[in-house]
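These are the structures, in structure tokens.
Here chain A shows up in two complexes: once beside chain B, once beside chain C.
Let's turn to the complex of A and B:
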């Protein structure tokens, strides 16, 4: 923004002084050179950061892209060989009907988890605004602790809770009268396994979403609510007319971020059942791990990664476009 | 001829390894060196490795042995990263089912030229096959062990079982007697048998005359849909049902560790390895005098079921900077002195045909009885992916035990296995 301003300022500054330029005819050149330097300076200042980002982000991205066109198994990796195979890896991945099942499963899983966690986060954010400060602080501390819990620790706790024999959930259900839950396995199908994993991910995602949205909620100017109150708006009307428009950009943003995070979630899915039973909870990141680390076909795994980025790009295309457009609006 | 070529290849690989890691390799004979040794959890007892490392350091002045014990869980992933790094360990232990993959990909040092120097004439056959790829040897057999039924002698006595069962029928009969004798103990389990103990399933399938896969000119296809495989699976199901085991149906013997369950003292039998019994005894020393083992019974009375010949090989990563030192380490460990100590702990030694020490161990005796009929999983580099990823045999067991019809479950598991074995 400052870069834009200096250049636009510089042009009008030059316009009213043609006499000066004519007077110092020989001095024109250094002046113009100073102008070029002015224009180049912001770019020069940005250069280290741009080079750093390109090196740190661009290089790995390119490396994955190139790897996806190579045959890279354990042997090639150890010997440092480069074997180009063109689109073979992509043909292998895309030709496997299982890939499409897994893709669909991943997309549905992401959509459900994002939907539930954003909705729950929003409701908690709205609730926090209404709560007594003491209760609110207790709630915030509880959420902070849930958020601070390491992923693996949380996953282990969930595994214990849902354990077939010793899990507290089955025991509680039996105690309150649901006898059929004695020794009930929550992991017999892929859907039930993913439901438990989804619950864990939602639980872990809520704190961040609730805090971010709460920041948005308390950022809404109070006088808008007062005005709505004077106009006699009902709570629902107030929400739709005041809170919603103010929260919408933020909500869009956290939904977008949640999609990125939940689409590529691996730790919890793998630790729970290694994508089982019978591959029923295998998502794209798990497939990538199976191809790459388990089977040592690193080229195929890279192809899966590239396809994942493309799918994610297609899914978030609308969001990104809207995000850019809304930012242009701000500028 | 073959030996010379192997030696030349070995020397070339060594030269490459030395030049590639010039900084650590050019330290000269007098310089301080560190030999990194990775052995697995439960392989060699600490007393053995302590004296081994001490002896090695004394005979090689200036060399420090960095000895690290690794866990089996996730070892394949760890080895993959370690072997491709610039500074891999110098001696590693590999499960015999994992070895073909690492050998076929050229990540291990070719030891064909050193076989005779490393007691080559006494190598254990089953393990030698697993480390031979393309006619070259990529490791040294370490030890083999097979599963036996570890049981509580006191509980058998109390239930009036005079001799350990020698057929499946007698085994199921013993289970009924044990259940009746311990009816008052709500925590009692006649057998602890987790749902995904797939090495046990292998035994039952082989006992029926079936197998999990067959080779057809180098490519393997699953054979889980054969009547023999289904019969083995059905016996597993029967054993789970009749024994009333409380073990989870969707985990293997490592979650929870079955030796920990056995150590609690309410379990009469577990199908396990010698080190698992050792672990149970360590947790509950009372068990030492009350445990023995018998071979997994066959459906044919008087015979023993074929068992999975599990075991380990020792290998030197191709990128090791101290390959010569690593070789002399293998020579020392493969010598009779340490192989005898290994046998005394109940392992079949890999580089010594002398197994007299084995009989001194109660499990060792049962193991020695069934070891001759030992079998291995398909020798193909692709098998490693079966174990490291989503093992179709585990899924098969869980789905059958939770009510899926055997025909449906075997069909889908067979497809998954064939696909994995295709690479």
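Let's turn to the complex of A and C:
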């Protein structure tokens, strides 16, 4: 922290201009007001951002907490009533065994998607280092295409590829001899539906992970590899002793970000089957939508939102602590 | 050794196919005549190429209006977040003041927090503001989603420009604003472009709030419109893929712009030395 601070301290943009010069340039602001303006300047610059964040994030955060302790259905909403119910909403949500099924499903789904995408991203990053430059560029362009495709476009393309009658996947499977896949539906159970959705998410998540980790891989100092080579280390030993320790902080970081992103996925799950069939692919964000928007139980839905954040917080607690500690230096 | 290299390159080509195939399939489907799509033939390469699907998608009710809405909402939100974020970034990167650390922490946390969990209060708030079914609700929300990211990222870019350059300009007679406009802002160009592209993509993709806050079909954004394709298209997969391709184009264009600007940024950086 001190290193960063002293360098910035050495060049405080707040102080050094001689007032006379500035007056010449800006067309003559009185000297005493310039001093006050200088002191207020950082706060003036920050004011719009702070107002925006407090109004559009801070206020809703408080609001979701308060709402979760209120009975707020369509009737109360229309009449503008405020009915406090204490912990009733939480009792209702936590007492429902369906909630625990959905929570477990969401956690497992997140774990699998994060695990597969981070592992695949790491493998591709390591692979990229071994490639002929032309092949590497081809691979990078292919990944860029997957990365750039809007989620909704990607979702519709996957729906089409997995289409029961005319989807290319079933056609291919039949072509190579699996006749039973003619007219096979991939969306008859929650697990199979979530598997397809998981594949879609992994496919779109890997490019970011692979590019980030590749940047880390090529950032490992070359002399470390040379030293390992001189010592006669095998590729596996080199990976464990050189690449892994250098890559670990970055790997933790992207794992953490992936957890944040994949836990709250709504778009793809909703568009595929609206949480179906029969609620089998409903995850926590879908539950929040169903309770709040479809059924207008805003208080209950707010309780789901709060619980969702708490669960995500519990899953990522270690990372958040580590991250904030590591950012102390930057702050 | 060479056998190993060949194997690695071959594996990479397979991986590339895995990533590129959906895009290929989207484009070729969009180019196939309708009759070819609803057949059980195995047709990896289109036998006939037509452009009717694109005109079908383009003229479907709602496509043009939702495209306009998406562009309007995303561009306004990103422009606002960029300006406000840049002001905050300059303060956070260049100035010392009380509470600076607190602001930074606030930006960091606001950027990571799952915004989706604010669905209910946002819905209630927009209802109170009488903004339901009106595009400003989405502009406000996308502004709030992208602002912490913009401020945080731009702060990094401002930090990367030596403050000495601004000081030199001020010694030469520039005011602080003049120094910022003539020295820092041009050097910040690539950073501004990169930041705005990622913010734009976030807004362009957003689905949940667009679904919840906008029910009026004329006010829908493109993701919501596309998600209702079953009703809009029936089983017209050619039209759907054409619409998806048109939806993808702006993002691809922006990605290309970033790359070009990044190169330009590299050469602009040479002036510093």
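Things to note:
Here is the rule we go by: the second predicted complex is superposed on the first by the 259 of 331 C-alpha atoms of A that agree within 3 Å, B and C clash if a C-alpha of one lies under 4 Å from a C-alpha of the other, contacts with A are read in each partner's own complex, and residues count from 1 in each chain.
Following the convention adopted for this analysis, a residue touches a chain if its C-beta (ideal position, glycine included) is under 8 Å from a C-beta of that chain, and two chains touch if they have at least 3 such contacts.
Note that the coordinates shown come from a computational prediction; the quantities given were computed from them, not determined experimentally.
When the two complexes are overlaid on their common chain A, residue A:154 makes contact with chain C while staying clear of chain B.
Touch criterion met: A:260 reaches chain C, while chain B stays clear of it. When the two structures are aligned on the shared chain, A:293 is found in touch with chain B and with chain C. Look at A:237: by the touch rule set out above, it reaches neither chain B nor chain C. The wider contact with chain A, measured as residues touched, comes from C rather than the other of chain B and chain C. When the two complexes are overlaid on their common chain A, residue A:46 makes contact with chain C while staying clear of chain B. By the touch criterion defined above, A:191 reaches neither chain B nor chain C. Of the two partner chains placed around the shared chain by superposition, chain C is the only one that A:139 touches, whereas chain B remains out of contact.
In the superposition on chain A, contact of A:74 is made with chain B only, not with chain C. When the shared chain is aligned, chain C comes close enough to touch A:61, but chain B does not.
Touching of chain A by both chain B and chain C, each in its own complex, is seen for residues 77, 163, 165, 293.
Interface of chain A with chain C (complex): residues 8-9, 11-14, 16-17, 21-22, 24-26, 41-43, 45-46, 48-50, 52-53, 56-57, 59-61, 63-64, 67, 77, 124, 127-128, 130-132, 135-136, 138-139, 141-146, 148-158, 160-161, 163, 165-166, 168, 171-172, 175, 182, 203, 206-207, 260, 263-264, 266-267, 270-271, 285, 288-289, 292-293, 298, 301-302, 305-306, 308-309, 312, 320, 324, 327, 330-331.
Across the complex, chain B is touched by residues 73-75, 77-79, 163-165, 185, 187-188, 273-279, 282, 290, 293-296 of chain A. On chain C, the positions that touch chain A within their shared complex are 4-5, 8-9, 11-13, 15-20, 22-23, 25-26, 29, 37-40, 42, 44, 84-85, 87-88, 90-97, 100-101, 103-108, 110, 112-125, 127, 140-141, 143-144, 147-148, 151, 163-164, 166-167, 170, 173-178, 201, 204-205, 207-208, 211-212, 222-223, 226-227, 229, 237, 240-241, 244-245, 247-248, 251-252, 255. Residues 76-77, 80, 83-84, 101-102, 104-107, 246, 248-250, 318-319, 382, 385, 388-390, 394-395, 398-399, 402, 412-413, 416, 420, 423 of chain B are the ones touching chain A in the complex.
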